[in-house]
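Please find one structure pasted underneath; my questions will follow.
Which chain is which? They are A, B, C and D, in the order written, and residues in each are numbered from 1.
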Amino acid sequence: MTKVVILKEEIIASVVGPTGPEQRRLANKVMEETLRKASLSFPQITYIVSTGYGRINVPFSDRQVTEVTCHARGIVHLFSGARTIIDIGGQDSKGIKIDASGKVVDFVMNDKCAAGSGRFIEVIADTLGIPLDQVGALSLQSSHPVKISNICTIWAQQEVVSSLAEGVPVADLLAGIHYSLADRIVRMVSRLRVEDLVILTGGGAKNKGLIKALSEQLNRSVLVPPNPLITGALGAALIGKEMVEKARKNKTPIETRERVFKEVEIL
Amino acid sequence: MAEEQKEAKPKKRMTATKAAASIGPMVKEFITGTLQARAEGKQKLAYTFIVCHHEEIFRAMDVVPIWTENFAGICGAKRDAERFLQRAESLGLSRSLCTYALCGIGFDQWREELGQMPPDAPWGGMVKPDFMISSGQILCDPRSKWYQASQQFMPDVPIYNIDLPYPLFQRDQDHREVLGYYHRYIVKQLRGLVAFLEEQTKKKMDYDRLRELVDLSDRTWNLIEETYDLRKAIPCPMGTGDAMNTMVPINFMMATQKAYDFFVELKKELEEKIARGEGEVENEKYRLMWGGGLPSWFALTDFNYFNSKGASFPVETTYRMVAPLKEMDLPETKDPIEHLAWRWLGYWTFWYDKARKRPGSEPDVERLINRIEEYKIDGVVMHEAFSCRTWHVGLIWQLHQLAKIYKPIPVYVVGKDGKKEKVYRELPSLILESDIIDITSYSEVDTRNKIDAFIETLESIRMNRAA
Amino acid sequence: MILTLGIDIGSAQSKGMLLGEEGPLNSFECASGVDFKRTALRIQEELLSRSGKSLDEIKRTVATGYGSKSVVFADDMRPDIVCLAKGISSLLPTVRTLIDVGDLYTKILRTDGNGQVHNFLLSGKCAGGSGRILQVIAKVLQIKVEDIGELSLKSKKRVEFSTGCAVFAESEAISRLSQEVTKEDLLAGLHRALAAQFNSLAERVGIEMDVAMTGGGAKDIGLVQSFSEIRKHPILVPPNPQMTAALGAAIIARESLTG
Amino acid sequence: MELTQGKALSTVERLYQDYGFRARELKGQGEKIIGYVCSFVPLELIKASGAIPFRIRGNIFEPITKGDTLLETIVCPYYRSCFDLSVKDKYEFLSGVVIPHGCDSMVRSFSTWSYGLPYSYFHFVNIPTVCEESSFEFFEEELNTFRKSLEKFFGKTITDEELSRVIRIYNENREKVRALYELRKADPPLISGTELTMTLTAGSSLPIEEANDLFDQVVAEVKARGSSPLKKGPRILIDGACLDHIELIKLVEDLGGHVVADAICNGARDHFPKTDVTLPPIKALSQRYLDKVNCPKTYRANKAGTFEGDIANRFGDIGAYAKEFKAEGAILYVYKYCDPFGFEVPARKAYYQSLNLPMLHLEDIYSAGTMGQLRTRIQAFLEMIG
């Protein structure tokens, strides 16, 4: 997903659009739409920070900051008491540890194997033909979650297909899938020695089934921001804002790129 | 911490011998023994490792060994290692490291954090030791690093690290030239252990008793050799599946009368079975060798699966941690410590001379060749456990070398012109890939698929064998 | 007429081969779909109706492949390794080493022209080195799997492609494309990386000439060529390479009838 | 790179990129080259036998292919790469290889190396695991065995005088390495981490005298810069095992950090400790390699009886480097399947915490393919401490 947040004192506008093969063009599109929503022209934006897996593919960004820093920044803004952040995205998942002053002190991430990311659920949902925004609710209807024995996304996909043919209820399969992902995520974040408050963010936080599975396996309650998809973008915007403010205070020039949309042909 | 997750209980493996079936209770007994000893507080307890040739010293000093590898193996066999492995991982330890060690460290950390045994600890759990005897030997790094890592959670428990090197096989070097200083070093290291134990237990070593115990274990060594040799019979009366049980007295009970008696019984049982013509499998079709690798403790029933296909395992290289003493030609000595050191070197260099005589050979390959011949082996099965380099690196190469230097099997194949022609094939082999106790690396379907295909391979070689 | 049937239910594609006394009568292939049982029945029906035969003429059916358990009407189930060896020996009897690139697994085996397996190895439990990745990439590039091979041959400058995760290969491909890498070069890079993996698997089993490739992946001439470049010798591919295991199963069925 | 590159540094770059070309030349002139791995092989003995020691390197850009056909993939990836290059004849100019007891990967694959490669000389040096009186005695004997085996192979006696002379040359080398490290102390450093590691790596492919000259030239050339043209950035210490390439360091520096110190085998661990010239040569070597090369493989007892005391004792040198070079963060870089270092991750983590030094733990395989994944982690870490 590509997300844009425009920030003044508060969020002026935010838009979530898909990330397709044509990332750059899409970044343009989502940006344009957000500007429209905010009734702003492109040059009116003082500073642009891009983040995420595709951060280097945003042609008009002034600075690139990693998701770790941006998510942490965004979450601390929303929950000042946050100590552990779990971000489950479609390209990776991470755990971030925050100290009392809101600083990142440690993090772990998985971006090697899709089976440890939100993509795992996406692929299975797709296989089962269930819209992503329904998988969570459906999984909660299960009374007997099945154990998914394969780790690999693709093998698990196949396993789900076979189980389905054997008559295993969809809800039980989905619940199993959620536990399986939650298990891998909890294993990863437990390296940080999880402390309260635990905040779940990223697209995975939109999934009630995953929230349940995670909080059961963590043995703690997990909080979710109202709009978890945009916390990274929000953090990026906050960082941008601070940089501008700092520059203004120190009277140093702010270097920005030209505010134009370049059409990029990829395919 | 993740809610503890237990895998479904494994099915019990069927044993071919009564002796093997009696092992479970024995293991349970010595684990309960450690719990009891801790409660009574009269004896000192020590973490330690197998294959160190130091049990005699322990027993002579009345120190109770806590075999940490054994406990990890039990967790694995009960399919209850995962929660301890996860603990270790959350400390920052990689799954690519020895999972025995990870399981042990995870368990220690948990026990120390709670101040009591972790919930539902297998067989009552592993008690906190008074000290830890690790072993920096050339055999394996984890044996020297494991307790050091555990010490983070119990810094008041001292470690003594005995260094037990042996000369690695080098083609152009006669190991006899260096044995002298290896021996001097090992003797000093073992004496260091004695001194450490004396200090810890505030007792003096009784050397007469030590001498008796060394003599007892020597006799047990010979008895084990004789007993295992009986498995050469056709059909084979006891397989590797059972040997993964009967390894317990070899590795954890050495220098006890009980271990000796166990093999007396086992020997009798095997002799009786042989007299009745009773094999491990009803209709023995293939004789396989477990040619390398520790087993997957959670999947011992795979041996039953092999058996169900008519495959028996008369011999294995794993856990047969004894060798015929009379063939070792050990220097005479009255000093039991010196004898232990010679025996240690004798064991590790056992195949060196033979290997040097066969071009392209190497001790591990030589051992395979000898066993293939002595036990009339049709195929070799190996297990590559990803987390332990010690026993699992070099296997592929050993098979390569075996194929190169060992006499190939003549078979008929269809040639380019469509006619049968005679070619030579190496002994069939199968490499299973999984782990010792990390069940996440295992897939039963996959493994059984491989076994099926391997059995068919054996069958086809048999059918095409040129007389 | 005495007919035998071999059915190979793969994770992606299911294949059936109907064998008469003189040789193959008909073959049929379709997506495995969700319900393997139905797929197996469908294959049986299609083959019969296409050949104008009746069910009772099929004297024996052997099932193989990932979903072989679901072929409830089969008389026997055999490992795919065994069927592949049988199949390739009847198609190309000089082949001694076979690499089968399927959807989930890559299998390497050595055989003897009689259809007997002498040694084999399977790729691990990560789909990163199997045929599936080809499908994933085809989807990203918005081309058909069938076109991958031809397209990759046009490459002038192969890129380095790390085949890690079959699922994330998608994002890797996307980010490569946005760095102005062409589809051709990307595919050539992927082929090279896969072929290198096959090669080290194959070397472990020990390679004997001739070498053949089968499975759906062998339909990809770019992949075959890449492997041949690494090996520095020609690689044989039978016609309809994905049918090999089904054919082998049918032959095994016949052999067990004739004893 | 914003730094100017003079003659010495371009020589370094050439030696680094075309690793082994000088050795190949020397072989052409009739010299004997002996390959080795790890920091535990006493190079002084090889040198004193008249041969040239050459450190075998891996190549993270080259996929491991042929090596995997003989060696299990559970061997540490760095070592597999070394083996892979060797079986692919990249080091055809070697006359032999010496392998020490450094770790399980080395010990367990010794047979595979010694049969899989065509060299006529192979030797395995056993290294004690503990550091006590008896182990020094043992190690001296083992060094004498190595000495005899070299004497036999080269048909030449290694005299104590020659050995003492060579020990002094190696000590000089270690002083020169120190001089190179001094250049890191400025803020921003005068020499980049990439340049320094490249220089050391280049040095490990050269005869010691040539390496000494080269290091002198590099020091002079870098000093001539006067002040550093680099931008200020977080100062990073790299901790770990065998890091014989610059890609990780380059990544840190591309992202705005500076690698100013290390505790790695191809850096301070191997290059700092000197040999005591007042002792008889073999005794001195046994002390240097066993005691002064601070490798996790060597067990050092917990004398303090507390965890804090133990880690201070085991990792004190790292803390000292961090202080001396004013490091602001540490990257602990450990390969998958590396036993000696892998088991120390929790203790090292705790140690860095006790120093109040932020630490990033990276577990990696030895491949250029993972650098993209490391990039995000390192960037996030620099953001975290910056």
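To be clear about the criterion, a contact is a pair of C-beta atoms (placed from the backbone, for glycine too) under 8 Å apart; a residue touches a chain by one contact, two chains touch by 3 or more.
Being a predicted model, the structure only gives us computed values, none of them experimental.
Novice: Keeping to the contact definition above, tell me which chains border both subunit A and subunit D.
Specialist: Looking at subunit D and subunit A together, the chains touching each of them are B, C.
Novice: Any idea whether C-D or A-C has more C-beta pairs in contact?
Specialist: By the number of C-beta pairs in contact, the winner is A-C.
Novice: Go ahead and note the Å separation of the Cα centroids belonging to subunit A and subunit B.
Specialist: Those two chain centres are 47 Å apart.
Novice: Any idea how many Å lie between the Cα centroids of subunit B and subunit D?
Specialist: That pair's centroid distance is 35 Å.
Novice: Among the residues of subunit C, pick out those that touch two or more other chains and give their numbers.
Specialist: 125, 164, 204
Novice: Note the residues in subunit A that touch 2 or more other chains, in rising order.
Specialist: 53, 111-112, 150-151
Novice: Show the residues in subunit B shared as contacts by 2 or more other chains, in ascending order.
Specialist: Correct list: 91-92, 396, 400, 443.
Novice: May I ask you to sort the chain touch graph into line, ring, star, complete or other?
Specialist: If you draw each chain as a dot and join those that touch, every dot ends up joined to every other.
Novice: Using the touch definition up top, name the residues of subunit A that touch subunit B in the complex.
Specialist: Subunit A residues touching subunit B: 149-151, 183, 186-187, 190-191, 193, 216-219.
Novice: In their shared complex, at which residues does subunit D touch subunit B?
Specialist: 69-72, 74-75, 101, 103-105, 107-112, 114-116, 122-124, 126, 128-130, 132, 134-135, 137-138, 141-142, 145, 149, 296-297, 299, 301-302, 305-307, 310, 334, 336-337, 339-340, 342-347, 349-350, 361, 363
Novice: Which of the residues in subunit B come into contact with subunit D in the complex?
Specialist: Subunit B reaches subunit D through residues 91-94, 96-98, 101, 134, 136-138, 140-142, 144-146, 148-149, 151-152, 155-156, 158-159, 161, 163, 165, 167-173, 177-178, 181-182, 184-185, 188-189, 192, 360, 362, 364, 384, 386-387, 389-390, 392-397, 400-401.
Novice: For subunit A, which residues are in contact with subunit D within the complex?
Specialist: 53, 65-69, 103-105, 107, 109, 111-112
Novice: Can you check the complex and tell me which residues of subunit C touch subunit D?
Specialist: Checking each residue of subunit C against subunit D gives 160, 162, 164, 193, 196, 199-200, 203-204, 230.
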